[in-house]
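The same subunit A turns up in both complexes below, where it pairs with subunit B and then with subunit C.
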Partner chain A sequence: MKELIGERVLIERASGTEVPAQIFRTLDQKNFEDFRNRWHPLLKARRAEVSSWESAADLNAQDSHWEWVEKALEAERMMGRDTFAVECAGETQGLMLVDVGFGRLAVQRGLELIYVELLATAPWNRPKFVDAPIYKGVGRVLIGTAISLSVELGFNGRIALHSLRQSESWYRTAGGFTDVEFDADKRMRYFEMTEADAATFVSD
Partner chain B sequence: MDRRQMTLMLSDKEMSLLDQLAERRGMSKTALVRQALRLYQSVTERIENGEKVFVERPATKEKTELMVL
Partner chain C sequence: MKLLFTNDWLRRRLASDPDEEPTAGGPSDGNPASAPAENVAVMGERNVVQLRIALGVLVRQLRLKEGLSIAELSTRAQISEEELRQVEHNPSYTARPRLIFQLSEYFHVPLAKLSQMSGSTHAVNRELYNTAVKYAAHADDMSTLTQDERRALDAFVAILAERAKG
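Here is the complex of A and B:
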């Protein structure tokens, strides 16, 4: 069942003002409808402008095929999986699906961590996707939520993810992750955040 | 998230294993039991869906099927 787990702020880019946002655990019908009716048509239209998935990175639209509703419903049955939404101004501004995985970095090899399977901000918040993105900070709020979950489950803040090419630079710089390796199986770069990285991220 | 409490009776050997694993993995015993449940559910669901779960030796790529007893 959907549960309010925290309040944060996003930055409205045009005015530079802070706007209240809510973080929810477990997606509900409202999030599904926002995805189906608001996100998906925009993602599909942008993706259709380019011929390949690779070049969709230039438009920040490489996730246009992600099936959020199906994934979220599947996650409800599994104890290790969780979904989260960031809402602001009555709309879903970000979505995240997490699972439990194991570390690859030498310092935490084999130790449990939160693996961020999917993370996306609403299309209207994305640079390159729109000329004037609306809110900034959705990704940061969701990564902070993954860290909090990691702490709650006893994993001390450790998290990891595979990044789409369009997001690699964010995870490497602003996200505070370690760029571990190119994962040939997934054809994506793999990033991890250590306990120390997580503490730095939270304190910033 | 709502929490419910239960009492878990373990043998000395089981408790010793729980202590050791919790220490090795840097987790509380409660967190370790929750993680064991997650893994058990994940493996059980996959096997019930007709999938096979393998453990692979990285050096030799030798695979051993994981059996749930």
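Here is the complex of A and C:
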């Protein structure tokens, strides 16, 4: 069942002002409808502008085929899986699906961590997707939420993910992740956050 | 669940963050061309039990092949003796991911296959399911491995390894 786990601010880019956003655990019908009626048509239209999945990175639209509704419903039936949503101004601004995984870095090899399987912000918040993105901070809020979940489950803040090409620099620099390797199976770079990285990420 | 970051922290970080919004996720979700057309089936409760029986047989036979007791294997693989006993004998038992990982590392059996056999994933490769159930059906619950069982065990492990590559 959907649960409000906190309220945090996002930045409205045009005015530079703060707006309140709600963070929820477990998606509900409202999030599904927002994805189907608001996100998906925009993603589909943008994706149709380019011929290959690789070039969709330039438009920030490589996730146009992600089936959030199916994934979220499937997650409800599976152990270890969880979904999160960020809402603001009555609309779903970001979505995240996580699972339990294991560390690959030498310092945490084999230790349980939160694997961020999918993370996306609404199309209207994405630079390159639109000329004037609306809110800033959705991705950071979701990564912070994944770290919080990791701590709650006793994984000490350890998280991991595969990054889409356009986000690699964010994870390396702003995110403070360790760039572990190029994962040949997924054809994406794989990043991990250690306990120490996580402590730095949420530190003042 | 408690969020470990404050609004003050967010304000400071967002002020210096680059003009991007991070995205994460595998291409098999986003790129239809790379999505493997795997022969998967969604499992019911009965299928989960059958796979766990096969997992129990597999772990027990791998242990016997090395001549180890439950206590010895639990020490070497750094897992709980009780959990190991449950995995070997109780198909209603849900093994923790950490235990499956340790067994995968110790016996060099692909983690993804062991996870599927433990019933922790919802969708399972049909071929794996059929092979595992057949393998378990031909095993006896003895304290030693017969030559036939040893051959069946080796063949099954080879199939698991082969599928992991493919």
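One rule holds in what follows: the second predicted complex is superposed on the first by the 203 of 204 C-alpha atoms of A that agree within 3 Å, B and C clash if a C-alpha of one lies under 4 Å from a C-alpha of the other, contacts with A are read in each partner's own complex, and residues count from 1 in each chain.
One rule holds for everything that comes next: a contact is a pair of C-beta atoms (placed from the backbone, for glycine too) under 8 Å apart; a residue touches a chain by one contact, two chains touch by 3 or more.
No experiment lies behind these values; they were computed from the predicted model shown.
Engineer: After the alignment on subunit A, I want to confirm one thing: do subunit B and subunit C clash, or do they fit together?
Structural biologist: On the superposed model, which is not a single observed complex, subunit B and subunit C clash.
Engineer: Would you check which partner chain A:91 touches, where first means subunit B only, second means subunit C only, and both and neither mean what they say?
Structural biologist: neither
Engineer: For subunit A, which side has the bigger count of touched residues, subunit B or subunit C?
Structural biologist: It is C that touches the greater number of subunit A residues.
Engineer: Go through the superposed model and pick first if A:112 touches only subunit B, second if only subunit C, both, or neither.
Structural biologist: Both partners, subunit B and subunit C.
Engineer: Which partner does A:156 contact after superposing on A: first (subunit B), second (subunit C), both, neither?
Structural biologist: first
Engineer: If we overlay the two complexes on their shared chain A, which of subunit B and subunit C does A:179 touch? Say first, second, both or neither.
Structural biologist: A:179 sits against neither subunit B nor subunit C.
Engineer: Contacts for A:78 in the overlay, against subunit B (first) and subunit C (second): which applies, first, second, both or neither?
Structural biologist: The answer is both, since A:78 touches subunit B and subunit C.
Engineer: For A:100, decide between first (touching subunit B), second (touching subunit C), both and neither.
Structural biologist: After superposition on chain A, A:100 lies in contact with both partners, subunit B and subunit C.
Engineer: Considering only touches as defined above, state whether A:12 meets subunit B (first), subunit C (second), both or neither.
Structural biologist: neither
Engineer: Choose the clashing stretch of subunit C with respect to subunit B from the list 7-15, 25-33, 61-69 or 115-123.
Structural biologist: Stretch 115-123 of subunit C has C-alpha atoms clashing with subunit B.
Engineer: With the touch criterion stated at the top, can you tell me which subunit A residues are shared between the subunit B interface and the subunit C interface?
Structural biologist: 25, 77-80, 100, 112
Engineer: Over in the complex, which subunit A residues touch subunit C? Could you list them?
Structural biologist: Its residues touching subunit C are 5-6, 8-9, 11, 18, 23, 25, 53, 60, 62-67, 71, 74, 77-80, 100, 102, 110, 112, 116-121, 125-127, 133, 136-141, 143-145, 147-149, 151-152, 161-164, 166-167, 169-171, 173-175, 186-188, 202, 204.
Engineer: Considering only the defined contacts, which subunit C positions touch subunit A in the complex?
Structural biologist: Subunit C reaches subunit A through residues 1-14, 16-34, 94, 97-98, 101-102, 105, 111, 120-122.
Engineer: In the complex formed with subunit B, which residues of subunit A make contact?
Structural biologist: Within the complex, subunit A touches subunit B at residues 3, 25, 77-80, 100, 111-112, 153-156.
Engineer: Using the touch definition from the top, list the residues of subunit B that touch subunit A in their complex.
Structural biologist: Listed in rising order, the residues of subunit B that touch subunit A are 1, 25-28, 30-32, 34-35, 37-39, 41-42, 45.
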